[in-house]
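Look for subunit A in each of the two complexes below; its partner is subunit B in the first and subunit C in the second.
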Partner chain A sequence: MTSEISTVSATVRALIQRNLDTPALLDLIADDVDLVAAGVNSGEMIRVALACENYLGRQLSDTELSRMTSVREIATVLGTDLGA
Partner chain B sequence: MWLADVVDRNRIRYPDRPALRDSRREVTWAQLHHEVTALAGELGQQLPPGSRVAMLSGNRLEMIETYLACAAAGMVVVPVNPGLTEPEIADILARVDPALAVADLAGRGRLAASHPDLPALAIEEVPGLSAAKGPLSSVGSLTDPFAIMFTSATTGRPKGVVVDQRSLQLKALSWVGEVPCGPSTVFLNACPLFHGSVVQAFNYLASASTIGVLDGFTPRACLVALQRWGVQHMLAVPSMLRLLLEAHELATADLRALELVIHGAAPMPPELAEQVRTALGADLMTIFGITEGGGPTLALRDFDRPAAPPVPGAVCVGLPMLGTSFRIARADGTPADVGEIGELRLRGDGLMLGYWRDPAATAEAVQDGWLNTRDLGCLDANGYIWVVDRRNDLINRGGQNVYPAEIEHALRRSPNVADIAVVPAASTIWGQTPVAFIQPTAPEAFEEAELLALCVTWLASYKRPSRFVPVPRIPRSPAGKILRNQLRERADALIAEGEQP
Partner chain C sequence: MSATTSTFIRVPASYARYDVDTTVTAGLLGLPDGEAGELATTHLPYVRDPGRGPLFDHADVVNLALFHSNTGCTVPDLALRFLLRFATAPQSTWYEPRWWLVRVCPPPALLDRARDGSAQLSIEPADLAAPGVVPLDAPDAAALRQARPTAKAILPPGYEVAVRITGAEATVHDGRARGLYQEMVDALAGGAVTYQSVNEGLRARHREAWQLGMADCVVASRLLADRLRDAGLTARARRGYLLGLVGSDHAWCELYEDDHWKPMDLAFAFLASGGSGTRRINATPEFVAACCGSRFNRLLPGQAPDALPLVHLDGEPAPPWLPVAVSAHPGEAR
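Take a look at the complex of A and B:
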């Protein structure tokens, strides 16, 4: 399971970086760290959520959206949908 | 007094009608009266009039109750942006010296760690406070300080804008003259309640309208609120509206109740305005507001008919709202002719009382009763006001203001930075975004990660530059002044090349 998450995490990191004003910020943030606490702003988080929906081709549920606080949590949400 | 009178009057006339709503609960005018009376009583028992009360909370309807209670009790409320870093919050609190904080769980946790001696009242417990029956008494006068709203400043250190209830009174009465609204109107404030735009909520409360409060803006939360609450009027910044248009849920949303989208804080691109009109099926209204002016001061409606743009890129901001006078002033202060570009100045009872404990800055901003907005504007042949450009270097990122000096000050903490200049660059998403040009002490000393880490520590996240660009030398005039226009052009080109942000 860990390796599956790691595979998805690379995709997620690329997806998140594309939606940050300063992509290099993500390089300073470990997978388990809260993104907002680490300096990602609320507007960027909205763009990440929209990008995840576009990636999956469906709307995320409220539960999924509320879970998306770290790279690992986002990876889990997307990984689950991808059957990882 | 104004806000206490608003609560009292509407409690008597519309006791069972909803006054406030958020995701947690709905409060009728009778309940609002009870809870505001209770909180005002609590504050009055603990503190002498004029005490500063810091408010550190995420959006919730009790924030509006806290504003109202402070007004009734004669306290000065100091809303603090919870997105600020610890050093930024500490600076504000050191300057206003609050006697008490009203805070949510997260805010109390932060204050307990950084300001253990500051008593904190749980904002979640406001509904449970007990109150005596009877009219809401109020302390002080209409022109006593009511709130201190912190706003970014050219000096790099935010300034506290002191406003009184006379300003709120004028804004509310002039709003009624601008937009028909009343007890059956539902208004959604999609913006943060620590921000100066909270004045709009008080404008609608004065008309006994129902105010909806979002916990935080997300396109989904906004669409749910618009539908569930049958919102007719909403306030948003252009970036929010752009994100709303991207939401998947918009396709199936029932927005038939929505009549008016009020936008401000940043220029609305014409193509976005058209998309919003079509997608949301509502009229648009532009408001030009400035915290030092007490909130909205100029307004443009869809039915207004300004002349053609006087210069390319100019933005029409309409007419002064009732109670506000304006002047396009030449450098010597005399009124400019039609079509002549000058400084936009405002006068009226809605202006701030001044900057908190900064008479020099106040005297610089307000001269002979006229507030210099620092915007360059002109008047067209039809009598409408246009904003041509910012006279200074203010960066407006998604409706939030930040001056380059604030960012430059934080980045100068790096021993590897020899010189620095931050300028705004155009952004399709946020309107503008900061770009930092860095002259390192040596070419190999430039390290983006170090600069980013400084931003995370010292600056709220919306102030973080989107680019750090190493340059051999910051361009300066012979007099040593940074050639910011040159850097702005370069920043715009860099952002355009890289698309995002």
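Take a look at the complex of A and C:
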């Protein structure tokens, strides 16, 4: 990942990356870009959502699930205090 | 995983399409290739391809994931759980106007074949004239797109639409319609018919699928529409996308009553009231009641009649293991 395309926490990107069939794909996706349109499939999105629930230790709300469409939005759902 | 195999009905060989390999199977089961292959060959019918190894029917594999993990953590389990999370949200959120930016993106494997002319790929467009669906004005749509950029253009037959979907709280009044609906909910809840994944071949023969004891949202919605029409009522089956974490292929029935179409969603009703084990969703009695007449603000119908498939490859339903990717971005309605 180049530093130019991401300003969000490395922790968040690592969490997403662990749940992709091809982790390197995320290196090509900027923070605000539509993940699904960029090639992340629905099964991967579902695994990411589960990983977020496990990380937070609670169920995500419908609103939170719906907004998880980009790296930045996922970072927002997970909170902004994760550190880089 | 449990070794029990009696909880779902395998696709009869005459309708099966054995073309899912162990790699795809492993992804659905959430297991390493070797373990997934062993489990699937033990419990599912298959054919052995000299080059690809054992090949399974996609619906059988999905059902193996749904019925045998007992963890609730396979991809099909989680998809149900996440997409129906809205049922636990406040009732007003089911109906309030909601903006959606929806992108339907063909998988590269199919798009490449379509673009080099070796296959014909078609995707049903969204029904922008459906009840409750209104395309956003150009400035609002542009703002929504700008806030949610794509890394690359969405190539046809993929598409992007920005819509406002407004739900409506209603109930079906006709006693015959309610009776037929409840009869089918009871058949699913009582186990006479198993709610499971059904392949497209059997979906096309929905009456036969029901008689075999299996149904999914497509089979149930087509059959209910048939039964309502047989009773002299005006009904149709619809198919489109359930919007949420992603957009998911979903079908439901609609009854024309009181001068408008009222959705009757057997799948939602079953999962909310009769679904068992990990597939049961937490829902209130109000949600169960809403499944018989109310329209939710997250269903975007396609234009295809009779809940026909949304994606075709060379005139046939596209392979389910190469689904179109559907992103659904909520926006703030004004």
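We adopt the following convention: the second predicted complex is superposed on the first by the 71 of 84 C-alpha atoms of A that agree within 3 Å, B and C clash if a C-alpha of one lies under 4 Å from a C-alpha of the other, contacts with A are read in each partner's own complex, and residues count from 1 in each chain.
Keep in mind that, in the parts below, contacts are C-beta pairs under 8 Å (C-beta built on N, C-alpha and C of every residue); 3 or more make two chains touch, one makes a residue touch a chain.
Since the structure is predicted, the reported quantities are computational estimates derived from the model, not experimental observations.
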Exercise. When the two structures are superposed on subunit A, do subunit B and subunit C clash or fit side by side?
Worked result: clash
Problem set entry | Which of subunit B and subunit C A:30 touches, first, second, both or neither | second
Exercise. Looking at the overlay, what does A:21 touch: subunit B (first), subunit C (second), both, or neither?
Worked result: both
Exercise. So, does A:61 touch the first partner subunit B, the second partner subunit C, both, or neither?
Worked result: second
Exercise. Of the two partner chains, subunit B (first) and subunit C (second), which one does A:49 touch, if any: first, second, both, or neither?
Worked result: both
For this session: Could you tell me if A:70 is touching subunit B, subunit C, both of them or neither one (first, second, both, neither)?
Result: second
Seminar exercise, completed: Residues on subunit A touched by both subunit B and subunit C 21, 28, 36, 38-43, 46-47, 49-50, 59, 62, 65
Exercise. What part of subunit C is in contact with subunit A in the complex they form?
Worked result: 27-28, 73, 75, 78-79, 82, 85-86, 88-89, 93, 103, 105, 107-108, 148-152, 154, 243-246, 248, 323, 325-330
For this session: Spell out the part of subunit A that touches subunit B in their complex, as residue ranges.
Result: 18-25, 27-28, 36, 38-44, 46-47, 49-50, 53, 59, 62, 65
For this session: State the interface residues of subunit A toward subunit C in the complex, per the touch definition above.
Result: 21, 28-30, 32-43, 45-47, 49-50, 59-63, 65-70
Exercise. If you look only at subunit B, which of its residues touch subunit A in the complex?
Worked result: 83, 216-220, 239, 243, 246-249, 398, 429-430, 433, 448-449, 452-453, 455-456, 460-462, 464-468, 500-501
